[in-house]
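We call the chains A, B, C and D, going by the order they appear; numbering starts again at 1 in every chain.
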Amino acid sequence: MTRSQSTIHGPILELRKLTRTFGALTAVNAIDLDIAEGEFFTIVGPSGSGKTTMLRMLAGMEQATSGDILLRGKRINDVPANRRPTCMVFQSLALFPHRTVGQNIEFPMKIRGVDPAKRKERALQLMRQLRLPENYYGKNVTKCSGGERQRVALARALAYDPEILFFDEPLSAIDYKLRKTLERELKDIHRETGKTFVYITHSLEEAMVMSDRIGVMQAGRLIQVGTPNQIYSTPTNRFVSEFIGDVNVIPVHIGPNGKLISDDFAAEFSVPKIPVGFTGGHLVVRPEFVRFLGSGDASENRLTGRVYNEYALGSRIQYQVRVGEAVFIVEKLRQQAYTGGLDDEVAIGWSGADSILVSD
Amino acid sequence: MMERRTSRRSFMQQSAGLAALAAGVGGLSARAFADRSKELNILCWEGYNSAQVLDPFRESTGATVKAESLTNDPTMIDRLRAGETKVWDLINVNNPWARKVMFPEKLIKPLDRASMEPYFEKMLPMFKPPYKWAMDDSGKELLGMCQRFGPYSYVVNTDKISRKTAEDQGWDLFNDAANAGKYGILDSADWNVFNICVIAGFDPFKPRGEAEVAKFTETAKKVFKNAKVVGDIATMNQALIAGEIDFHMTGGTYSASPARADGHQNIRGITPLKGPLEGGKGGISWIEVTSTVNNPDLSPLAVEFLKHVQDPAVAHTVAFAEGTFNPVAQMANPDCFKLFTKDELDAIQWDSLDEEMARSVEYDVVPDYDKLLEIMNSAKREVSGG
Amino acid sequence: MEAKQTNWRNGLVWTWSLAVVAFLYLPSVCLLLASLTDSRYFTFPITKWGLSWWAKTFNSLEIHALFKTSISIALCVTVISVVIALFGALAFARYEWKGRSIYQKIVLLPIFFPQSVLGLALLLWFNALGLDLSWKSAVFAHLVWIVPVVTLVISIQVYSFDPALEEAAYDLGATRWQVFREVTLPVLFPGIFSGMLFAFLLSWGNFPLSLFTTGADTTIPEYLYAKMVAGYTPGVPVLGTVNTFGAAFLLLGGYGLILWWRRSRIGDSKE
Amino acid sequence: MAMLRQPGPRNAIPLMLLMLVGFAAPLLAVIGFSLVPARSFSLWQMPTLENYAGVFSGTNYISFVYSLVFAALTVIVLAVVCYPVALGLVRVFGKWSMFMSLLFTIPLFVSENVRLYGWVLFFIKNGVLLGTLKTIGIEPESWLFTQSIILFGMVYVYLPFMLFPMTLGISMVPKETRDAAFDLGATRWQVFREVDLPLSMPGITIGFLLSFVLAVGAIAEAKVLGGQRIIPVTHDIEIAFTYAQNWPMGSALSVLLMLVVGVLVLVVLRRFDLDTILGKK
């Protein structure tokens, strides 16, 4: 069950027409966004989409060209990073290589002049919370493993006791298995601390696992905001739909009969409702919603082709079905695997309600 | 496989490097028995190494002439002692060294007296043969040729201190506390030793006692402490012209002439009227003697060059070489003298040259020089920073 | 970090740095001025402007001989030092080996050493060996100090060299020589080229080592020193100015060449 | 010998040979000469310690003190002068950075005597500075031939030797690490003290060391600009080798200078991993 905490509390962070330009390039383009207190919000987008610039503006390390950033309703554009109650975990982690694990974690407290005994107590407490062994306190941070360094970075950020934690793709350089573990841990920490997390990543998969809400960025614009479920099932444009993973994105236009026509597949498709004013765009069909049809099976949309190749994806299998020159992908759970041979002619089909029509 | 290939390539790289290194070291001693008929190496005071003097000789002989100029005699002699007799063909130093030091130490070899002595005949009277400094102690061997000479005591800016005052007051200029910070010292270790002796009131060229050494020490400290600047000729002249200093110790025609030639007639070498030197004289003069080095493979051009510079026109060029201007012994020869313009004669203070030479004793080797030099350098260090 | 504050700080840094540049070049400007006068001693404002000392300097056979000596030394030093330093740099930065860290420190030692003392030491050593001193011994003396510098310069390039490139080339069938010529040399070339520039210019401008080791040969810096001490003429600032311009021309030109070369290489790969 | 089959040591051979013949051996020759009787010109004599005795009983300590003090002062002034420039080269100048570096490099190739003489022309009475001031009626005393101008000259000559290692040091501080400290609440000063300074320390230390060591060997500044207001130890060495005709004494002084320099360099360099400083990540 997804608890959308945004409905429980008011927004902690409000972005109003936030813009940042570098010369002729507009890295962040008039973004409006509310982030709720206690929310795990993820901004996802490909590299160069402006997400890091946006995060750096929120953290106070980059100056907005125009627009406002409001923290609990107060404009903080001109508050420098060191006086914002926010804290960032960097992609490189930016641990202080000349300091021990303990000194790294204690850094923000030292800066504030917290007394050494209290500092140490809090550091050890954070280390326990993040499952770092106590004897790591005096360990050189450069001698820690990747996962340990992640935990030190997070502990250091938590030691600052920020109201909002920003994450700049901290898990991108970590191997798959460890990343999965850390994603889960991060989500647990979010639960335990109840703090607002703003996370950026280029991996929608990562975003899906952890987030309460996701914002998709493209070329400096926030093109869709919603819960993971909304993003997954109802992408509002072609970019979002393609970003989510392997999908069938079919160029379509309205034929003279008012039906959707695909030139690539030389076929007509039907959907429950064509929006008013739609003249052409793409039909998005998720591969797992496509069925192999038996000889007697009826389907709203139907294509005939040959199974050209199959790829094992763990619990699922993906099939490449060639329809003429065009390719259609279908995914099935192993239990429902396709049983025919390669190059056999097959019919595939899907329900119109399982497809999405986007206008770009 | 990969490793073995890499290794062999590296081996080739490294052999090439060794070869290059060997070439570099091997080249060092390559000229052991080279033909030296077309090369000449001269170790000299500034002047002989100038383009005006050497370029015509290079052109006429097609030889490679290398000249290195140093500004003090002991260092040049040291270089011969250190084994550079193999390198140099001619050495040009002040008068006493050939007779008193270099010949006894076999650093130079005598010249052919018959062919060279006639040149002395045409020189100024003081150089007529047998001229003492050109000959060895026995009076048989000719050790070198004379050319440039000059008085060398101190230099004043006559706008600040008149020539008369400077000549009358003599070395006490440097004892006068009122002159502190107004003078410079031309850095020239052996000459500085002479001058400090004279300022201290005794003759540097005579053996001395404890009291004089004590006086020397005290004077050295005082003189260096009160000096505004210690430096080379260019610095002294620039400082005199600019007005940084009013006078400087250790200098004469040699150092003042370039400034005078540049139109600064107020810069003048002074020879004091009297002093503690032999015969109550107050000044010291120098005469350069050029000798052939005792080089086992002496270039035949060495003697050629000695003759070459005796030519009236070349002698005039030597007198007015690029850096400093000086009277030359050949000025007795009318063919040579007529080449000197009035400005040039003014530059070398020709008007008073005779009387100034007469008021000077000749440069000599100082007994206990090492000891005095050490005292002087130590004094210099002790008062440094003041 | 507020933009205004950053701009203000950057402005200060620019201003300060340009002031330091001016500070570095002010003496060169004074030398240029001093070379443009016909009088021997410098007074400012200049009363007798003239180029006579430039003419004298350029026409002098003496100066031509000095240039020849200085250039011979600098060219020999450049060639030998780049060869030794290339291997030295590979040992410094490319290969892992026992003793490398000590080796690296030994390489640095001559750089961290007063050159005049090094020059004297070499003089005593040559003397003890009974070697004749000439420009060739000066080449050797320069190498002692310049090879380590060039090794450092090339090492910086070698650090960024990926040995997999060589392996890939072997794998694609290249011979050792082809790999060296087609991969190693071109990839390391910018470093080698800067090394050459440094070697040439450092040798050209060296005074303390030349002073003690050239024997009867004289280099330009030695000549300038001798002239300054005794026979000062405005020929000194003329040569000093020529030197500064020459160094600037070589360095900026060399840098331009590297830029051009990089760009054209990227251009090639695009085609 | 097995070691020589590895490519690393083998590539090191030419350089190591050069260091052996051109660096170690000459230093041994100096040590040898420092042990022969005063005023001799050949190594093959009965060894003696009289030269060292002479140095310690004489006034040479004054020159040593001057050399060391002025070198230390030079380093301090250079640290202040160079830091903003190094900062600029790494973080501010952007595409101009390379060009600026070259500008700082060019003077290195003109011998320092000549460049210092340029300063004489600038500072002397009726020179560029005072001559210009005179035309507008101001006639102050010149700054030449004082102690402070010697320091000025040393700062001028050794500037690149501080600047470039310092630049290397500052470029070793990752931007994100500084951002992180700032983000964690540190003020600019705290970022500088806690992150910038310690992380750029290897480069800065090498700059300190290099400029200090070279400045201890300085000679031309005191001669050309200072009018010998102070006598540095290298001047003493020069006198011993020239005017005083005393190679063994000069050698003894050189050996003591080498000791100071050598110990300092070895002690400091021991602490650093050159790979990290020069670029291997």
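Here, a contact is a pair of C-beta atoms (placed from the backbone, for glycine too) under 8 Å apart; a residue touches a chain by one contact, two chains touch by 3 or more.
Chain identities (UniProt): A = ABC transporter ATP-binding protein; B = PotD/PotF family extracellular solute-binding protein; C, D = ABC transporter permease.
Quantities reported herein were computed from a predicted structural model and do not represent experimental measurements.
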**Complete:** Farthest CA centroid from subunit B: chain A
**Message:** Counting C-beta pairs in contact, which chain pair has more, A-D or C-D?
**Reply:** C-D
**Asked** What is the distance, in whole Å, between the centres of subunit A and subunit D, each centre taken as the mean of its C-alpha atoms?
**Response** 55
**Message:** Using Cα averages as centroids, what's the distance between subunit A and subunit B in whole Å?
**Reply:** 86
**Message:** Distance between subunit C and subunit D based on Cα centroids, please, to the nearest Å.
**Reply:** 17
**Fill in**
So, in whole Å, the Cα centroid of subunit A is separated from that of subunit C by 54
**Prompt:** Which positions in subunit A touch two or more other chains at once?
**Reply:** 60-61, 80-81
**Request:** Could you check subunit B for residues that touch two or more other chains and list them?
**Result:** 6, 10, 13-14, 17, 20-21, 25, 82-83, 232, 238, 241-242
**Prompt:** By residue number and range, which residues of subunit C touch two or more other chains?
**Reply:** 1, 42-43, 83-84, 87, 90, 127, 140, 143, 228
**Prompt:** Once bound in the complex, which stretches of subunit D touch subunit C?
**Reply:** 3, 6-16, 18-19, 22-23, 25-27, 29-30, 32-33, 41, 43, 81, 84-85, 87-89, 92-93, 98-100, 102-119, 121-122, 124, 126-128, 131-132, 135, 156, 159, 182, 209-210, 213-214, 216-217, 219, 224, 234, 237-238, 241, 247, 250-251, 254, 257-258, 261-262, 265-266, 269-270, 273-275, 278-280
**Fill in**
subunit C contacts subunit D in the complex at 1, 10, 12-14, 16-17, 20-21, 23-31, 33-34, 42-45, 83-85, 87-88, 90-101, 103-118, 120-122, 124-125, 127-128, 140-141, 143-144, 147-148, 151-152, 155-156, 159-160, 201-202, 204-207, 221, 224-225, 228, 236-237, 239-240, 243-244, 247-248, 251-252, 255
**Request:** Would you pull the subunit D residues touching subunit B in the complex into a rising list?
**Result:** 5-7, 10-11, 13-14, 17-18, 21, 39, 41, 58-60, 62-63, 66, 120, 124-127, 142, 144-145, 147, 223-224, 227-231, 236, 239, 241-247
**Asked** Of all residues in subunit B, which touch subunit D in the complex?
**Response** 6-7, 10-11, 13-14, 17-18, 20-21, 25, 72, 74-75, 77-78, 81-83, 184, 187, 189-190, 227-232, 235, 238-239, 241-244, 370, 373-374, 377-378, 380-382, 384-385
**Request:** State the interface residues of subunit A toward subunit D in the complex, per the touch definition above.
**Result:** 59-61, 80-84, 86-88, 90-92, 94-98, 107-108, 111-112, 156-157, 160
